[in-house]
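Labels A, B and C are assigned to the chains in the order they are written; within every chain, residues are numbered from 1.
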Amino acid sequence: MSSKPNAEIVQTKRDAPQARPAMARWRDWLGVTPFFLFTFLFIVLPSVYLLVGAFRDTRGQITLKNFVGLFAPEILSAYWVTIRISAVTALGGGLLGFMMAYAVTVGGLPRWVRTILLTFSGVAANFAGVPLAFAFIATLGRTGMVTVFLKTVLGLDLYDQGFSLYSFWGLSFTYLYFQFPLMVLTITPALDGLKREWREAAENLGASTFQYWTRVALPILMPPILGAMILLFGNSFGAYATALSLTGGFINLVTIVIGSQIKGDILYNPGLGYALAVGMVIVMATAMMIYFALRRRSERWLRQ
Amino acid sequence: MSFLTLVDISKTFGATVAVADFNLDIEKGEFVSFLGPSGCGKTTTLRMIAGFELPTTGNITLDGADITFQPSNQRNVGMVFQAYALFPNMTVAQNIGFGLQVRKTPPAEVRRRVDEMLTLIHLEEFASRYPYQMSGGQQQRVALARALAIQPRVLLLDEPLSALDAKIRVELRLEIRRIQQTLGITTVYVTHDQEEALSLSDRVVVMSRGRMEQVGTPYEIYNYPTTEFVASFVGQLNLLPIANLDRDARSCTLAGQPIRFEHSGDRPISDTPRLAIRPEEFWLGDGQERNLLRGRVETLIFLGAIIRVRVDIGDGVLISADLFNARSLNLPRVGDEVLVSFPVHACWLI
Amino acid sequence: MNTPTPRAKRHAQTLWSWFWILAGVLYFVVPLIATFDFSLRAKKDVLTFLAYERIFTDAAFWRTFSFSLQMAFFAIVVSILLVVPTAYWIRLKLPRLRPMVEFVSMLPFVVPAIVLVFGLIRVFSGPPFRLTNTFAGTNVLLVAGYVVLALPYTYRAVDTGLGAIDVRTLTEAAQSLGAGWGTIMFKIIFPNLRVAILSGAFLTLATVIGEYTLATFIVGNKAFGPYMSLIGQNRTYESSSLAIISFLLTWAFMGLIQIFNRGRAEGHLAGAR
């Protein structure tokens, strides 16, 4: 009876020096298992499923045809419209957001304006999807307040001029509502990072305000500005709910096409649907890679 | 006529007075330091010379012209900042050449001048480095070169060494003095470090709470401080309560022991005058023309080159005496009765 | 000399700043005013809260809203339990893995919601999971999807929070006083991360409550987002009142984050478009 525990003690004693580090490492890894299991199941597995599916034809044979299919005119045009709308709203939202962030950081406005702007931006950047579409229908729709105002007061009929809320420009205006606040939120820290001494040093060396901005401030801000705009680009690129509830699916965006494909095989080829999704991931991954490269550069500059 | 003149300068921020009644003449080629604790107004004064702040009252004249309201980018004064303030997006050469470029200097001339500056600061091979690739000391040299490249009329330095390590600090201090002497440039240097101010300057302006306390050569400031603030801020000082003051006989008593003195200070003496003596003026034992004090050793503090002895001379009065640590020194022990003395001319009344 | 004085220059700069703030505020406020105005016009020629009344008396509104609230709650709990111990453990024991975990937590940025739901449905409707065959299964899938959507924000908030406290020293101090892992986690780490966890939670809530893309494909009209969309298709004034309600909710959640984050200027970005 008593020999067994004894033997165990002896064994532990003898093995302890080698066994302990190995044990600890094994337990350390156990601590992160839930995280990796979860992300594997719900991020990696679905992505890999789509990726593999994109290389299969309807009979399960390996093929590249689906990617060739991406170059069909209506799919190419879906990508083109999505990219254009993302670029337009990234530039427009980026410009407006930057100027507003400029106003509350180095623009000499009182502190409370900044607090309010950042809170508002936090709300507006998160106010998207279905309710945002409703709000813009009430504003710029055929009977929307602004449309009616322009028609009755200024005699300008937007819809006669070729504008439609349910088209490219209408959707862009709607996206801007969450784009420029996102720009404000991402670029404000960068503007805060502009040191007062840089401005003073430039002035002291004889530079005008214009020379300071073109030669010092903007070059320093360029990586974060571009990075933030890429973030905005991705933000529009993946948008689905806003576009769907605004246009009812009658605008040819990649997300809308994928949405229809989930509901039913409208492309008559599941593989093509997967390729479409993989295409989106590739665009997003490229954007993110540029974003992180730019961020690394500006972090290096602004260190210390 | 002086080169740089500040007349009746004051500056208030809201209700706080940052600088008041500031009057100073600086000669061409002179090296002047503003010395004082943080918040004493030294940096604000410097920034007014640079043009970053407008004085609330008063005038600043440079080389015969009133520059009080001249925009800072037209003043042609070079400034070196505490945190270097190099432009992170530019190389060393671009940083140094910036001031010349915005003046539309021909590129060849810019290049020549940049090379000259790089030689001056001994960083020839760093021309195409970026600031983030350099140490703090190197960055500050570049900042100095950048300020000098525009051939400024005045060089302003705002605590340029306080972000650096002790060793680099001393090294760069010598460098700054060397360069200033080579170029003969008029320099205003702001610091809270008395050693820097005393070792670099032709003249030192000691400031406290927005006011000038004393202006003088380092020797005058250290040996003949005119206010209690200067005396205690620059170097160590014993301030001791006295009794039986007789101004005409220049005598008093300290803890019941008789004292003679020579100076009574330039300023009117306060209601409760005290005797001021630097710790390094003391000896153990007696001597010619010296005041003698009897007491008991309370503590001994070993500081390396110096040993600080605190002696209780009765009535609860403690004096600090700094003795040079030499092997021949016959060091007393705590509790020993000792005689200490100091020269009659080395003490004064405050 | 013909240069503007510093004061005049500052004046021009301030005007320029106000101009852009005004432009942004207009962009921000006009749609809200228009929507609010529209939501009051359910009856001809009078302003009325009728549209709101109809929404608040609609059983489907309360049903879908509470459903989405529950989903958000579970998503928040799972996020915290998943992210906090992991981020803590990485800092304490496996710092070499940190870049990898950071990378993985950024992946949802790269996979848009529509692509994510596409993949989730295809993977989990088939064997061996078959999650889409039962209500419970779809709910689990939706919660998991929301955890993924929130992952980048939650991870960053928690990791920043951990960076602000000295994890190793705190842990060693607790251990030297005899605390076990449970005590360390719940009495030391969680309380010190209160701000990060709460702002992460409310951000998740704001994102998830009206979320449409995942909800419509996984659970359909049971959730609040698809319900709003349904209202939008056939009830004009009610949809405007829903937009206002939803806006006020977002405002409330963001306001709460602001209160928790007092003084800290951390950007809040979310992603249910």
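Following the convention adopted for this analysis, a contact is a pair of C-beta atoms (placed from the backbone, for glycine too) under 8 Å apart; a residue touches a chain by one contact, two chains touch by 3 or more.
Everything numeric here is computed off the predicted structure, so don't read it as measured data.
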Dominant chain pairing [most C-beta pairs in contact]: A-C
Taking each chain's C-alpha mean as its centre, the one farthest from chain A: B
Centre-to-centre distance between chain C and chain A (centres being mean Cα positions), rounded to whole Å: 14
Whole-Å gap separating chain B and chain C, where each centre is the average of the chain's CA atoms: 56
Sequence positions of chain B contacting 2 or more other chains: 71, 74
Chain B residues touching chain A - in the complex, by the definition given at the top: 50-52, 71-79, 81, 83, 85-89, 98-99, 102-103, 130, 132, 143, 146-147, 150
Parts of chain A lying in touch with chain C, wherever the complex brings them together: 28-29, 31-32, 34-36, 38-39, 41-47, 49-50, 53, 96-97, 99-100, 102-104, 107-109, 113, 117-120, 122-139, 144-146, 176-178, 180-182, 184-186, 188-189, 192, 209, 231, 234-242, 244-245, 255, 258-259, 261-262, 273, 277, 280-281, 284-285, 288
Touching residues on chain C, where the partner in the complex is chain A: 9-10, 13-14, 16-18, 20-21, 23-24, 27-28, 30-35, 37-39, 82-83, 85-86, 89-90, 93-94, 97, 101, 104-123, 144-145, 147-148, 151, 203, 206-207, 210-213, 217, 225, 228-229, 232, 239-240, 242-243, 246-247, 250-251, 253-255, 257-258, 265, 267-273
Residues of chain A defined as touching chain B within the complex: 195, 197-198, 200-208, 211, 215-216, 219-220, 300-304
